[in-house]
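Per-chain residue numbering starts at 1, and chain names A, B, C and D are given in the order in which the chains are listed.
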Amino acid sequence: MDEVTGTEEREWTLSGALNQALHDALAEDPRLVVFGEDVGRSGGVFRVTDGLQSAFGATRVFDTPISEAAIAGTAVGLAFAGWRSVIEFQFDAFSYPALEQVIDHVAKMRERVRGRVDMPITIRIPAFGGIRGKEHHGESPETYYVHTAGLKVVVPSSPLDGYTLLRRAIADPDPVVVLEPKARYWAKETGIVGLDEAGIGVGRVLRAGDDVAIVSYGAMVQTCLDAASALVEDGVDARVVDLRSLAPLDDDLLVRSAVETGRVVVVHEAPRTLGMAAEVAARIMELAFDHLEAPVGRVTGYDVPYPPASLEAAYRPSVDRICAAALAAVRY
Amino acid sequence: MRLISPDGSEAGDTDVGLNSEALRDMLRRMIIARRLDRECIALQRQGELTVYPGFEGQEAAQIGSALALGADDFVFPTFRELAAALVRGVDAVQYLQYHRGTWHGGPYDPRATRFGPICIPIATQIPHALGHAVGQQLDGLEACTLAYFGDGSTSEGDFHEAANMAGVFGVPLVLFCQNNGWAISLPTGGQTAGEIWSRAQGYGFPGVRVDGNDILAVYAVTRDAVERARRGDGPTLIEALTYRIGAHSTADDAGRYRADAEVEAARSLDPISRYRTWLIGAGHADQDFVVGCEVEADTFAMEVRAGVIATPAPPVEWMFDWTFAAPSEGFQRMRREALGG
Amino acid sequence: MDEVTGTEEREWTLSGALNQALHDALAEDPRLVVFGEDVGRSGGVFRVTDGLQSAFGATRVFDTPISEAAIAGTAVGLAFAGWRSVIEFQFDAFSYPALEQVIDHVAKMRERVRGRVDMPITIRIPAFGGIRGKEHHGESPETYYVHTAGLKVVVPSSPLDGYTLLRRAIADPDPVVVLEPKARYWAKETGIVGLDEAGIGVGRVLRAGDDVAIVSYGAMVQTCLDAASALVEDGVDARVVDLRSLAPLDDDLLVRSAVETGRVVVVHEAPRTLGMAAEVAARIMELAFDHLEAPVGRVTGYDVPYPPASLEAAYRPSVDRICAAALAAVRY
Amino acid sequence: MRLISPDGSEAGDTDVGLNSEALRDMLRRMIIARRLDRECIALQRQGELTVYPGFEGQEAAQIGSALALGADDFVFPTFRELAAALVRGVDAVQYLQYHRGTWHGGPYDPRATRFGPICIPIATQIPHALGHAVGQQLDGLEACTLAYFGDGSTSEGDFHEAANMAGVFGVPLVLFCQNNGWAISLPTGGQTAGEIWSRAQGYGFPGVRVDGNDILAVYAVTRDAVERARRGDGPTLIEALTYRIGAHSTADDAGRYRADAEVEAARSLDPISRYRTWLIGAGHADQDFVVGCEVEADTFAMEVRAGVIATPAPPVEWMFDWTFAAPSEGFQRMRREALGG
């Protein structure tokens, strides 16, 4: 791993960029610790913490027993002691045992103590499907976290932005859940990692277009870009918006997209009912009703448990489903 | 472990290294705490406080353990440790803002008092204490963290996960269980078929059971655990056997599930009368001292009552002021919406 | 408690009607058990299980240690053994320690075993605010359950409907979360409890009106009815819809309300972001876009932790806030 | 507790009440299970299975314990008990649908086989086993439930809550821990500072540690626990000391965190060679029998391979067919939408 960063241009995987972000944050802040299951000696299931323990020692980067609730609670206690934590839950569903600690304390503690103690806690969760994983390894848990007042939630869709968002999350004085699209860990991008990219709360337009805005985040962003390319044949010029930050949402960007295109389609893997698309649709209706030429479309996972590997493709939004929804919006 | 019998006679070596003044102070604090507890129940009945969980009968367990801590140590309490809070220097009126319904678990400053926020979700404060102890270990401090919890709390996963992890990390943590015989309507026998103190063995550190109504014994075992922790010898689990004389809270009717006879029997084990008898018998104090404490307790209770009643409702802005250290523009918009209308 | 039910007309509290529902269900099905914290000897914090243990014995109605995850997991194991369970979590936030069991198993188990074992589990949760409760005693957890595929979620707003919904939940072969509005436990209603009322998945119109439809559930329904009365002075004839069932939602009723009024306001105590109103708004847009004269309004709790007792009134939707939203919709 | 030493010599009374045929069957099952395990790893490497968690080295722990169960007993496994599943009569090809990625935890019929679904969320199956045992107690059956879990699983709150509640209710539950030395990259020493078997005391029921690579000893202690449970004497916690010879799964590279020397040392404790030596030495079997088992194992492995490869992907409808027993109209609409396009 490089000791220096932000300097030379190179090819990054998302896993590598996140690893670099942790490395740089640990080097920068002596009161930052990284802990969780298998993050130390082994370097993590997805190699995101690879080499950190040998670089910073077993007191700064350590393995814990299999006790997710205690891992989250430990981060809260460390905050009282003036320490900043990055904790990892090995897979999406394995963050659920800690939900009580996260909802009752991580999210509420600063308010509970009237601001006297900040909760600079970053919760890393490899999330979403697409890797032919076993059950409980392909869940999209964002709704549980986004609905919980007191948390911030970000989802990188590319290596360089992964570096930025993770660094921003760690630097943030508030608890931030970072949902890492595990299907994109090995996706490559060439560039210089740094903090120039926008911060938490700001989305970005990855493809310009005025006929329809396709809004998504995480692994689905690439599928949306593919759909936008396919839509060209149908003479549709689609804009692709990467939300990046699910909480807080970039309301201004959503409104701009709705106003400029009049047609919005939201895409995510999570089940439809109360998935992010519901909130995006409701906000756009609140803030840009008169500009809507068509109802905000939702291309999502279905209201069923995440399916086994063989049915993943049928469950996750596909280029075809996205194109169909975009065309429906355009032709509405 | 017991040093003073229920009848006030010595049951062990009562020289725990405290001089007469310190020994008198223990009685004084217990008398004041009980008086305040009863005042709080009255305040609740009069509508000045929301539901209030009394601690009568547990004064020795709370005060004896809290007195064994130093200024650098830190406490994570449940919702029933007002007596311990007073020992830590928490302002009673501030503390009672919680039960007044004007703020959440931390109306006082947890850092200044080194007394964590009042915690209601059972056992969830134990992992916080673990984390704080991990921080003390990282900082190489000669200090420890003490977590209070009840018998019922030991059935929660959080107790287990935190205790086990504390054993693995060998952090300076004191797990202090007040086994007051009940968890709302469930007697300890319905909570576990084992003995709470004996759980420690399975986590690789010592567990000890103490007569929780014997303040000297509680002080002694807690001090030993605190010293062990500060020495770097790791956690200790203390089970203090005491009794919840009152109902679970002012909203609870213990008559539905508990026999009066049991409560009467428990009164004969009262921590205050026992200690008073011993203290006077041993010549550390006289009747006048006791009367003085009672007068002080009355005055204090009246001051706290006045302070509580004088507390106004918080402004609506408070609902938004501390959720985030770095709130978003959208959050501020919602704040303005709420305050505007 | 009556041994006989559904016969004579009398006054019921919600707590009493729910108690009667449990009593009748236990009498009817010998393979039904009721368990949780303090539900046996003491009869429950809100008296909902009062007298059940003495009537049916401590093997059918029993107290458990304070172990919410194990309580939920026990219900799953009992289902494998052919038993039907009603479990109680004492307050909203105290259902969070069981979220892993509920999300991973209660909701998914039937699918996981390909339908070979049903999960007839009823999860009772006293929920929502309005009783000057301490923190963690006033939460609105519906989003966590409604978003979780595999669960059904119902919320009674009145005593008689409480009886019906709880009986239907217990009789349902699938897991049903019953969120009991604790602020309404002592509300009274006179009538005959029975199963005549509509079942799960069906909402009801409590007040006719064609200018605007006010949609809500639970304790807020009464506030909405009060708002509807107040709106008369403004010459607004408001319809009040009680969803009753949050999962599944009564899409037909939502569409009908939108089509017939063109204006919809959704009211709930939960924080706004990804609260039920987001889903209702998104569905109405999908299914009745052309009929909407105004954006679907959301009158909700704010995106903050549920506040202390003194600020409850400022947090919960009030008659004024509901009226303002309804008027805004009408005058849009 | 050990009956046969690693070198195959007797270390205790090996008469556990099994005749030669039954004793031979134990060896046969271990040989078949190991052969199948290796075939599965090959199938995964060839892309016919998704990630696969091998159990080489744990054959005695799984087969010895499963053989101690009766037809009415019920098992709740983790994701690593294929050897135990075979003993319970689960069809290997059906079981492997899980690793084929064609269905979730219960591709076989858990009721028919009395073997619960494969469970991945650590320790969450233990409360299910508790609940099933509660049901057996309610039904007054002379049967028990056995929960398998690993050393790492004992750090989860679910283990604790279920074990404690089982003690309170005195249900017929056998808690069978396969301590295979590792939880992915964490050695048992990093998982707990205590001894797993000793946790039982804190829950008020017996705990026993057994050499998990000694199939006779495992069989004997499990049978005793099963009989205790059926008698109505409550739960037992068994810690079987064994070793995970392979990586955590085919996706894991144990080289990152584990020394080869440790694995070599563990191989010398191999459960199969030890038992084979004893079985032949005691005259219960001869070399031909062993060869016969190996031939049978090869044939079986080939049959399973063929069956697995022949399994088609499930139809898309399956995604909706079992979510609800009573699906709503809206759910059916979504189903049609999904199947339509």
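Here is the rule we go by: a residue touches a chain if its C-beta (ideal position, glycine included) is under 8 Å from a C-beta of that chain, and two chains touch if they have at least 3 such contacts.
Please read all numbers here as calculations on a predicted model, not as lab measurements.
**Student:** So which has more C-beta pairs touching, B-C or C-D?
**Tutor:** By number of C-beta pairs in contact, C-D is the larger.
**Student:** Taking CA centroids for every chain, report which one is farthest away from chain D.
**Tutor:** So the farthest one, by centre of C-alpha atoms, is B.
**Student:** Report, in whole Å, the distance between the mean C-alpha point of chain A and the mean C-alpha point of chain B.
**Tutor:** 41
**Student:** Using mean CA coordinates as chain centres, what's the gap between chain B and chain C in Å?
**Tutor:** Inter-chain centre distance comes to 36 Å.
**Student:** Can you give the whole-Å distance between the Cα centres of chain B and chain D?
**Tutor:** So the centre of chain B lies 44 Å away from the centre of chain D.
**Student:** Taking each residue of chain B in turn, which ones touch at least two of the other chains?
**Tutor:** 103-105, 121, 155-158, 161, 164-165, 168, 190-192, 318, 323, 331
**Student:** For chain A, what residues touch not just one other chain but two or more?
**Tutor:** As it turns out, chain A has residues touching two or more other chains at 65, 67, 69, 93, 96-97, 100, 104, 108, 111-112, 135-136, 149-150, 249, 302-305.
**Student:** For chain D, which residues count as touching chain B in their complex?
**Tutor:** Interface residues on the chain D side: 154-161, 164-165, 167-168, 170, 190-196, 198-199, 201-205.
**Student:** With touch defined as at the start, can you tell me which chain A residues reach chain B in the complex?
**Tutor:** 33, 59, 64-65, 67, 69-70, 72-83, 97, 100-101, 104-105, 108-118, 149-150, 152, 172-174, 201, 248-249, 251
**Student:** Show me the residue ranges of chain D that touch chain C in the complex, using the header's touch definition.
**Tutor:** Touch list, chain D to chain C: 74, 76, 103-107, 109-111, 116-117, 121, 124, 126-136, 138-139, 145, 157-158, 161-162, 164-165, 168, 318, 321-326, 328-331.
**Student:** Name, in rising order, each residue of chain B that touches chain C in their complex.
**Tutor:** Against chain C, chain B makes touches at 50-51, 79, 98, 100-105, 120-123, 152-153, 155-158, 183-186, 190-192, 251, 256-257, 313-314, 316, 318-320, 323, 331, 334-335, 338, 341.
**Student:** Residue numbers of chain A touching chain D in their complex, please.
**Tutor:** These residues of chain A touch chain D: 37-38, 40-43, 45, 63, 65-69, 93-94, 96-97, 132-137, 272, 302-305, 307-311, 314-315, 320-321, 324.
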